[in-house]
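Each of the next two complexes has chain A plus one more chain, namely chain B in the first and chain C in the second.
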Partner chain A sequence: MSTTWHADPSVLALYAAEDLDDVRASSLEAHLLACNHCRRALAPMVPTPRLDAMWSEISTALDAPHPGLVEQVLLRFGVREHVARLLAATPSLRLSWFLAEAFALGSAALAAHHSSGTRAAGASLFLFLVLAALAPVAGVAAAFGPGVDPAYEIGIASPMRSDRLLFIRATAVLIASILIGGVAALALPDLDRTVALWLLPALGLTLTTLAVATWLQPIAAACTVGLGWLLLAAAASVATTDPLAAFQALGQVLSMVALLTSVSVLAHRRSAYEGRIPS
Partner chain B sequence: MSVSTVEITDVHKRYGSTTALSGLSFDAPAGITGLLGPNGAGKTTLLRMAATVLAPDTGQLRLLGWDPSVSDERLAIRRRLGYMPQEPGFHRSFTAFEFVDYIAILKEMTERRSRHEEVRRVLALVSLESVMDRKIKTLSGGMRRRVALAQALLGDPDLLVLDEPTAGLDPEQRLRFREIVSERAADRTVLLSTHQTEDVAALCPRVIVMLDGAAMFEGTPKDLTDVATGRVWLAAERSPGARLSWRTPDGAHRNIGDAPDGADLVAPTLEDGYLLLVGERAFAEDEAA
Partner chain C sequence: MTVRAEGDDALLAAVATGDREALAELYRRHAPWLVLRLSRRCSDPGMVEEVVQDTFVAVWKGAARYRASGEVPAWIWGIGIRRLISRLRQRPMALAWAHTDDTMVSAEDEVLIGVEHGDLGPALSRLSPELRAVVRATVLDGLTTKEAATLLGIPQGTVKTRAARARRELREALA
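Let's turn to the complex of A and B:
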């Protein structure tokens, strides 16, 4: 394709030097698409380093491996490329983990739905709330540490701080667990305040796990916190004859206290992750 | 005089009732230092300390002039460190490229283009460019070890800690490994453990033999070879004075130990010196028991 007019060489030189104003640059670009003559005239005016940089960028983009599904979703949500790769290496941020969590919570929610109005209703609801509250704790336990992260030893020999890596992964796990728990809760029999009763305990337990993980490895911290809380929740149910006693007002207040205390502990002790190299 | 870049002073380490290191001390200058020793001698424990992933119970380490027990100094060491563990773990669903790229991010290389170029460079160094887009779970054991070596080479580190890097590599790959490491050793420090005495003879100007958590020998490969001078001989049968003896392919017995008068002495190898040194300690323990 050719046109009947050609751009002035001085205009092309300004464009090549990126000194042409936006309006005239847009007009020239439209013309360049249709004019071989002007494209040929422009080519030698573009500085070689800039051309090399552009080719390098194109080559890098073409050669870059296609990221996996989780990484693609994270990139779509605006997560930075290198952070997405760090998260893609998280064992509890895999599709299989999400499916297992969705299956467990979905089954518990459906069981609660079907037992609505029966004697088992309270126990079914208790099971769902406990699972929803503990899911992010399990996710954090499986996010980082010896035994769960296959490249843990190479990772701790790198300059990336352990607390930063754990917090990045724990945040992503928490968000994913809350989303899955929130969707599963829609299957509960009553869409009232009950559907959100697990939320504050989940946050409190996760932050407490991270705080305890400044003394213990994450998996040991999660087991300690999770089992301890489960025993308390079960004891509260038995003692009060209310299956949901651990999720009522006192339980919510205690969860908030645990959350705030853990934030304070983490603010003071986060460097302990780094100092506690394995013995 | 060369300056020591790795200084180990009276380091002790126990795992429960097992002593892994018992008062280990040595200094290593820039260049390649090879660690030899039987299984359980403490080589891996020492290398994990040199890689800042394990702390000693007592004793001092200084790596590249820094103290790894101090947080800021440990970070400074890690910024100049490449580490290949004895049993490197992988995210098996990652491709070779993705895994090395992941480690590059942990090494604070966040700018994508330059990071990808570096990842390609180290994968090409270990001759894995053609399989870099294959998932790690589909790679052979030798290829995985080369992936582990590639990640250790990221950023051209000043201190390279390699735990049995040639295990599982075929002869051609071992030669390539020697080429890669020797090219980098001129002004950098490499600590490597191996069971392959040929690797030590070919690569290391300095060798340390470890036994029972302590250094029982420090010197050059020639010094270690000289331990067996006059103590290796050929005979038609196993000689009574031999500590170790094996039948060679041409039918003669190669004996190592206290040579009898008139023995047909032969030039020792580094392996002879190592076997004699480690074997003598083992025999001494047997006799004491």
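Let's turn to the complex of A and C:
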């Protein structure tokens, strides 16, 4: 689109130098929107290096990877960009992991439904509680270390303290696991206090795993803690003939003790992660 | 970079299909005047550059939403001035407004009422710079009172009173 009138080159020069008075400048701006000729005449007044520098920034922005779904959701909730990237790169914060956990807990809940009222009822509830308690332990173990973490090398080189990185990821995994466990627990046949019995053991086991991981690799720590607890729980069931023995009062108290002990161990040994467990 | 001869509408349609060269051509045509026009509204050259970058990234992402109307420059300006305002909102250069008011009474209407006749140029020249800035933001840049307040770094109430005063002075000058 063009008009027959065109701005005088001297007016364009004054405008580019920001020396044109407001009224004429406003008039020129209105004309520029409609006049290709004058826009082209104005273009050389902006230094080419400046335009090129901006264009290279634009190219960079267009080439930047698009944040994935998890990252976008986290950013929407006000999580800072670098933290969101770290969390999105956590293997056990992937959709496949959540689906697996939801499937396992869902199956256990379904089994509890089927066996409801039979002699196997206690055993299937035990299965559900054990799975729900161990899920965050497995998630935390799978969040770190060589072989499982795609951002392992990046983590080694990252300028963030290892323990901080680890705690951010562990917290996210823990929250996600507990949410899934909580939803799955609603599917249990009897909605009484038994559906929440796994919560404290889950916290205790996860914190214990993190504490033990100051000595061992995370996966080894998780296996040690998880298997050890599983054996104890099974032994308690057999010894007391109550399938849920490990989740009764004594078990809850011990979980609480383990949780508090682990917190103090972590407070003293958090620097042990440095350089060994990067992320 | 190859020079392309298509019109802006055709280039924008190409951008919508992911043609980076078409965006480069649009940038070549429209970045210079956008830089200069923004520079008259923002004294920080760094911020102007960020806004221009934001604008063309938005053009790239939003090209599909453009309805061909032959008004590409006005469309780009509309994006640019609003990007500038959102940058100013994050990093205000003047004090934040003293009192906020979410009603969006267009100050443009206030100024234009009664200014249909007469020679506008000299009348505008006689306005004080503060009043002219308000007229420019609301009438020529088509901003709402709230946006104009952000751009000029003054309260919305001040935008309204200045717009009213500008209208009164213009009406007197054109009578």
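Rule of thumb we're sticking to: the second predicted complex is superposed on the first by the 204 of 279 C-alpha atoms of A that agree within 3 Å, B and C clash if a C-alpha of one lies under 4 Å from a C-alpha of the other, contacts with A are read in each partner's own complex, and residues count from 1 in each chain.
We adopt the following convention: a contact is a pair of C-beta atoms (placed from the backbone, for glycine too) under 8 Å apart; a residue touches a chain by one contact, two chains touch by 3 or more.
The structure presented is a predicted model; accordingly, all values stated were derived computationally and were not measured.
Visitor: What is the contact status of A:21 with respect to chain B (first) and chain C (second): first, second, both, or neither?
Guide: Touch status of A:21: second partner only.
Visitor: Quick check for you: in the superposed arrangement, does A:51 touch first (chain B), second (chain C), both or neither?
Guide: second
Visitor: With the two structures laid over each other on chain A, which partner does A:271 touch: chain B (first), chain C (second), both, or neither?
Guide: In the superposition, A:271 touches chain B alone.
Visitor: Return first, second, both or neither, reflecting whether A:253 touches chain B, chain C, both chains, or no partner chain.
Guide: neither
Visitor: Considering only the touch criterion stated at the top, classify A:235 as touching first (chain B), second (chain C), both, or neither.
Guide: neither
Visitor: Answer with first, second, both or neither: which of chain B and chain C does A:186 touch in the superposed model?
Guide: So A:186 meets neither chain B nor chain C here.
Visitor: For A:85, using the defined touch cut-off, is the partner it touches chain B, chain C, both, or neither? Pick first, second, both or neither.
Guide: First partner only, chain B.
Visitor: If we overlay the two complexes on their shared chain A, which of chain B and chain C does A:69 touch? Say first, second, both or neither.
Guide: So A:69 meets neither chain B nor chain C here.
Visitor: Shared contact residues on chain A for chain B and chain C?
Guide: 57.
Visitor: Spell out the part of chain B that touches chain A in their complex, as residue ranges.
Guide: Residues in contact with chain A: 48, 51-55, 57, 71, 74-75, 78-79, 81, 83, 85, 88-95, 97-99, 101-103, 105-108, 110, 112-113, 115-117, 120, 133, 148, 151.
Visitor: For a test of understanding, state which residues of chain A touch chain C in their complex under the given definition.
Guide: 1, 15-16, 18, 21-27, 29-30, 32-34, 36, 39-40, 42-46, 50-51, 53-55, 57-59, 61-62
Visitor: Can you check the complex and tell me which residues of chain C touch chain A?
Guide: It comes out as residues 20, 23-24, 27-33, 35-37, 39-40, 49, 52-53, 56-57, 60, 70-71, 73-74, 77, 121, 124-125, 129, 132-133, 136, 140.
Visitor: Inside the complex, what are the residues of chain A that reach chain B?
Guide: 56-57, 60, 63-65, 67-68, 81-82, 85-86, 88-89, 94, 149-161, 165, 271, 274-275, 277-279
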